[in-house]
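Per-chain numbering from 1; labels A, B, C and D assigned in written order.
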Amino acid sequence: MQPDLLAHGRDVLARQPFSALVEARLDELTPGRAELSLGLRPQLQQQDGFVHGGVLAYLADNALTYAGGSVLGPVLTSEFKINYLRPARDADRLLAVATVVGSGRSQAVCRCDVFLVKGAERVLCAAAQGTIRKVGA
Amino acid sequence: MQPDLLAHGRDVLARQPFSALVEARLDELTPGRAELSLGLRPQLQQQDGFVHGGVLAYLADNALTYAGGSVLGPVLTSEFKINYLRPARDADRLLAVATVVGSGRSQAVCRCDVFLVKGAERVLCAAAQGTIRKVGA
Amino acid sequence: MQPDLLAHGRDVLARQPFSALVEARLDELTPGRAELSLGLRPQLQQQDGFVHGGVLAYLADNALTYAGGSVLGPVLTSEFKINYLRPARDADRLLAVATVVGSGRSQAVCRCDVFLVKGAERVLCAAAQGTIRKVGA
Amino acid sequence: MQPDLLAHGRDVLARQPFSALVEARLDELTPGRAELSLGLRPQLQQQDGFVHGGVLAYLADNALTYAGGSVLGPVLTSEFKINYLRPARDADRLLAVATVVGSGRSQAVCRCDVFLVKGAERVLCAAAQGTIRKVGA
């Protein structure tokens, strides 16, 4: 029931005050895959007019968690790493696409690509990988 | 000139709209070491009342960057990883303490401990490690 | 000149005593992609009969380096992370497939999948991501 | 019973064929801390005469695992990341010192410093951080 999964995911997001603060939006959630995005706004920048790396880290972290949660149920992020590829600017939105690359009973390893989206164009600006763990595991 | 370094760091932080949004404060900046903190506020939470992992990631990322910048000058964060140790709640502030563990001409490897601070007590809640690169290198 | 790139890569591998010790083989090297493999042998095991995690880490590290070097020239591995997905056993070979996900003038961010290969079957057993830096950068 | 812990750790190491191949030695094992080392030998080098990065990754991986296992019992390495700080050469031994920075019921987060040891001198050449998980958790 993918529609239910997405609806549930959006309900969780709506109950995350920090996600509301950065105006994140859950665009897609299917078993093993999540798409989370936010618009580039001045409030999210660092001192040079780029989106702050911490915002990209938030987006990757949360997308990884959604991807893991889509196969494990209630989860926590255990750890992740992120590589920044280019400054995040000159775009409409940041889109994080996370997928499960392997999962067991208690945890899932996921990857995430963070893209700058401008119109129909997507440019990769960060790459992440991490471990999502089932709550209680 | 440590006072100047701290003053310069605070000036940079004041020009980061996202750091203002999360009300981050640069508590200390000396060559090879940075302390960055923020108060626990409802706006920074996820759905269970904990500080959102993305906020801890922001704090670690930015503290690592300050530590690296304290020895390299203008820098960018190349990459970092973070391990979450416990939910961030029941505290007054989150404090990230970042130190340079090794640096060369163009980049520095730094570590960061993120603590929950309640009164005089500090409890480790996340551990990070990453690479900070001189701008233009 | 892909054949030259592969031949050059194999020449470099032949001059790595440690790669000879683990009997690694460079199966493919094209701009932005490397395949490196080794046979499962008792000498590479840990105490439970699995291939030692350090062998998987070696294979991922070296495949990432080859992928980065295929677009940058002489390189060093700056850093990488690896997630282990399942014990490495019951297979003929371990195959690391590394690709460049983004590169600039001085460094490349690469990902690597490490597979257990048994006959025609491939099962993912580890996932890595790291930064490869041009020598002198 | 620290002597027993060290003796048990050395027994496990002796049953790791790969650790025998690289001639690793467990120098210390106490609850929350492990020291693992190996001598620099030509067989462990890459093409420029440095110790291969994969050897450093092996040493960090195994030291992290011992540190985690010292507080959790039988464990597996879930993931780790390593930053290389300088080429590993001109030394007698490589020494990995791993410590637990936080642990729960089922996993421990550990850090590891890898030093070049020459006589009485120690120089940091790599820094690692990772997650060690209790078997069956």
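Quick note on the criterion: contacts are C-beta pairs under 8 Å (C-beta built on N, C-alpha and C of every residue); 3 or more make two chains touch, one makes a residue touch a chain.
Being a predicted model, the structure only gives us computed values, none of them experimental.
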item	value
Chain whose average C-alpha position is farthest from chain A's own	D
Interface residue identity across copies chain C, chain D - same or different by half	same
Separation of chain B from chain C, taking each centre as the mean of its C-alpha atoms, in whole Å	33
Euclidean distance of C-alpha centroids - chain A vs chain B, Å	21
Centre distance in Å when chain A and chain C are each reduced to the mean of their C-alpha atoms	28
Shared interface positions of chain A, touching two or more other chains	78-79, 81, 83, 109, 131
Complex contacts: residues of chain B adjacent to chain C	78-79, 81, 106-107, 109, 131, 137
Chain C-facing residues of chain D, complex	12, 15-19, 21, 42-47, 51-55, 57-59, 61-62, 65, 76-84, 87
Footprint of chain D on chain B - complex, ascending	81, 83, 85-86, 101-102, 104, 109, 111, 113, 124, 127, 129-131
